[in-house]
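Labels A, B, C, D, E and F are assigned to the chains in the order they are written; within every chain, residues are numbered from 1.
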């Protein structure tokens, strides 16, 4: 039974979906920019888990999923770096990281 | 099934015991070493040569109350020491102490050590942020910049080595260095390693000091500036576990240096048998050097530390990487 | 070029430093293992004061002139004497030193004309309470017999 | 920097009608100066070139100037212009005369010349203008003097107790203070 | 399954369950924690779990990279940002009021249900043999052959990100 | 100078450095307003060990105050004894025999070396190097042994009396001092190799914590702090007292104004002190060590007197006001580090915390002397 879980594609897909949904929920529910960034990372890792699962169970090329995941990592790292520097720049100028307080940014 | 479980548990216990024993006795080595560098005697009351001092220290720390000050984040505060200790212990899994003496001979051993070592920073960070102390927070900010700055040259030198040896399996890496000390990566006299490897060794050693927060790079602790840095609010076993984690990290660093550059369990002369003894001897020489350095130098200034990394270590390790690549291409 | 020069000289200075400490490592220790060994105090060591035994009479030499009390900056000496029949001058009946106040300056010994007080060589001073530091020097002198 | 120039500059600030001449001023030709506190004409003093110059070997300083409280800052400025540095500021409580004396010690790096500036103020309501704008180091010295004597240095940025506890409302160096 | 590493299947199962729990718990902490630091701690827990899942998917390299990059770098960077931007730990983390939260729950729930349904109801043609051998060599060679262009691009992206981050963060020092 | 000049737009926090902090060497508290690790504003808070020595002086006889002077700066107590003894002698007009003056100079210089050695060790400890402290202590203990054999105490010597010294020195002391100087001479290159030339230390001190001459003047800084800023001012040369004119020695002056300069001044001063001691031992005349006519009870004439000596940390001045009785009417102690510390707040603005601590280390603070 236990082994059954780890060798089932569905387990991974559901976990992936769960992470993705958590990310979506967090994005909607968090007001602070850093919270949103964290949720974004969750969305990305949900996608990665899916990629890896397909890579293991379905894909014709045994490396494509892994490479996708590695690229996602690269993108995520870049995204985190950029997002954080934006957050810091925003914080420096507006003294807040609350997205709803940043009305000035509009227009 | 049961035998497998027992084997697993035996390994686990063995590793934890080794890590804990080494970490504890490293404290003894540190104190004794410091004493002799300063022409004192050091611990001498508990047991012969003060050998039972670590136990006494441990007992003392355990009997002390773990104070949780007001305003701290209690969960993070308690978890953080474990986050420093556990990954360090995990890293021991893949270290080849002898030819057949490794808990797991993993193909990606080197990567695994680095991966787990990187968690250490997170533990320090959460601990210092969680303890809601200004000194700790300053220390945390330092730890981040320091670790990021020094991870780069460390990985670069390690990658150059991986390129030269064509493996990330630590045991295999040691095997490749067999046949006398002139085959060690440090001074490989064959044409398979680039001539810059001794410099790479120095860089690796320096970064190892920095990554393990050892003097002269002990920014996180910096007792004369930040009181006790990240550990300011910790007492009792919380502090003890942090301390163990730090020392376990040093043992890992020393072991890794031994494996990568000093031929691990290979004997220095071809006619002597290979044995775990060689590994331990080399590792303890490295550890002694670490202690020696600590009790010789003043602490670096923070920007000097970053300058050293960005202006000296990273360029040189990049050059080393390129030279190694060229070397491999030519020979 | 300056970059490499600094790199070279800097690294060299580090190795020189390490050379010095390793040399010291193998030199004998210079510390004294205190509870097991202890120092003998020099002849002029200024410990707390004690009364000097008068070798002729076996008692003290104090003439109860009060000079030590006057000289003491912190007022930690209390001495009293009384007139006794058949004895020339006053006889010391009480001589206490409140060591909690004493600053070990030695003014009292200096001011003592008959050299009736001297410094003890006692430096392991510890006690459970403040009262333990109020020394009855007369009693001490008796006990020393 | 000549001693004479400083003398000249400070003489103009010195209390015009009276100058306290040290008891030990060289006897001739100002034999009348022997008596302490005897008023002497400034002009006369300058002419005799013995303007409040105590005997250095005896007193430890070269010039001793008494000024009114308003002139403290100006004399400090003169001394700063002549590159003097401030050694200390302190007070003396003359309880019998019902006055508090503020004493400023100045010294010079390159010439052996110690200058003492004094001023007196009423004991009941001691007030002296600050010189912390001129000599930054005076800030703490004045705070200390305020702690010990209760002298208010008008214009001082922060006269909160420096050495005494934060809530101290007593001034221990006043002669009528008994612990 | 890599029989060398986990020959005891039951143990592996327990570990797997633990990893699942870590992933789920970590994700929940990350989105629900009151304080940002705890969110990040949850995130790192979640990533550790995910790294374990990757290991079970025969990709130790990716698993370790996940640890190295996400836990060792991304989480650390986020905590750094939290430290810079949230100096007072007591300050509440902005959470949307009831409506936003409800909306979030509904949206998240719908996404989860939808995706889960799709993935469970679909008929995947699961390969009978183990496709992924976990070989780093293969990964490396395909990275350098079929996907070399993407590899280059991602390097460029990272470079741009580094420069961008520097540019954004620089003006702060000038002000002093 | 007050807190409200701080730019409110900066994200700052207040860091309490002390009263118990490893780098403040005693109970000094510095309220730092920090922007990250940069110091925006510093405010030293003093008085934690204030003992009101000046009031004590007013309540004691002239002689009884002598032990107090050693407790101001317990690391260079003899300089303070010397200053007070000289001030009282000046007031009373006591001539000190020449031998006593030589003994005073020799012991004061020994004490100065001891103080500088301790500073050296503690300073390197502030910078994170522990071992040099123990080496320096090893040497310092030799000095203290020597001084103890003469004065009877190791820190609060209380050795000088009005009119001379308490005890004559003996041959053991003379040979011991000569040996010690030989020993320290051989150890100085070791200190320089281990610490001074160390690249880490150079990086930490060169150009760090500049203190300009103009700032020194405004704050009245003296001693090695001033000499590190390129001003050749040393009371021993500037206002020669005792038998210092008899000695041939130099005043080390460095013009860089940075922490390294102040460090070097102190290191060189130790060498110069050794020169003075050697000459003093060579020239030591025979004779009494107490003035024959020194009165037991002092009653100086009315008036005020000023006397300054060069203590290990700068110019220690003492102002005595006598009303002709057997107690001082007013006794002002001008401590050098009080002035030196007062410039810290201005000097450390905009510095990084570790640099500020290096700067504070070079000020060589002894808190009891500041708080008095």
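The rule is simple: a contact is a pair of C-beta atoms (placed from the backbone, for glycine too) under 8 Å apart; a residue touches a chain by one contact, two chains touch by 3 or more.
This structure is a prediction, so every number in the text was calculated from the model and none was measured.
A.B. asks: Name, by label, each chain that touches both members of the pair chain A and chain D.
C.D. replies: none
A.B. asks: What is the graph distance from chain B to chain C, where chains are linked when they touch?
C.D. replies: So the least number of steps between the two chains is 1.
A.B. asks: Between chain pairs D-F and A-E, which one is joined by a greater number of C-beta pairs in contact?
C.D. replies: The greater number of contacts lies at A-E.
A.B. asks: Which integer distance in Å separates the CA centroid of chain B from that of chain D?
C.D. replies: 64
A.B. asks: At what distance in angstrom does the C-alpha mean of chain D lie from that of chain C?
C.D. replies: 43
A.B. asks: Find the geometric centre of each of chain C and chain F from their Cα atoms only, then give the gap between the two centres in Å, rounded to an integer.
C.D. replies: Chain C and chain F have C-alpha centres separated by 25 Å.
A.B. asks: Which chain D residues sit where two or more other chains touch them?
C.D. replies: Residues of chain D never touch two or more of the other chains.
A.B. asks: Give me the residue numbers in chain B that touch at least two other chains, ranges are fine.
C.D. replies: Answer for chain B, listing residues that touch two or more other chains: 37-40, 141, 295-297.
A.B. asks: Quick check: what residues of chain C touch more than one other chain, meaning two or more?
C.D. replies: Each of 14, 17, 20-21, 24, 30 in chain C touches at least two other chains.
A.B. asks: Taking the complex as given, what residues does chain A use to touch chain E?
C.D. replies: These residues of chain A touch chain E: 1-3, 5-7, 9-32, 34-35, 37-39, 41-42, 45, 48-49, 52-53, 55-67, 69-71, 73-82, 84-89, 91-92, 97-100.
A.B. asks: For the complex, give me every residue of chain F touching chain C.
C.D. replies: So the residues of chain F in touch with chain C come to 60, 63-68, 71, 131, 135, 138, 145, 148-153, 156, 158, 166-167, 190, 193-195, 197-200.
A.B. asks: Give the list of chain C residues in touch with chain F in this complex.
C.D. replies: Those residues of chain C that touch chain F are 6, 9-11, 13-14, 16-17, 20-21, 24, 30, 42-46, 71-73, 103-107, 110, 119.
A.B. asks: Note which residues of chain B are touching chain F in the complex, please.
C.D. replies: Chain B residues touching chain F: 34, 37-40, 134-135, 138, 141-142, 215-216, 218, 222-227, 295-304.
A.B. asks: Sort out for me which residues of chain B touch chain C in the complex.
C.D. replies: Interface residues on chain B, with respect to chain C: 33, 35-41, 44, 292-293, 295-297, 311-312.
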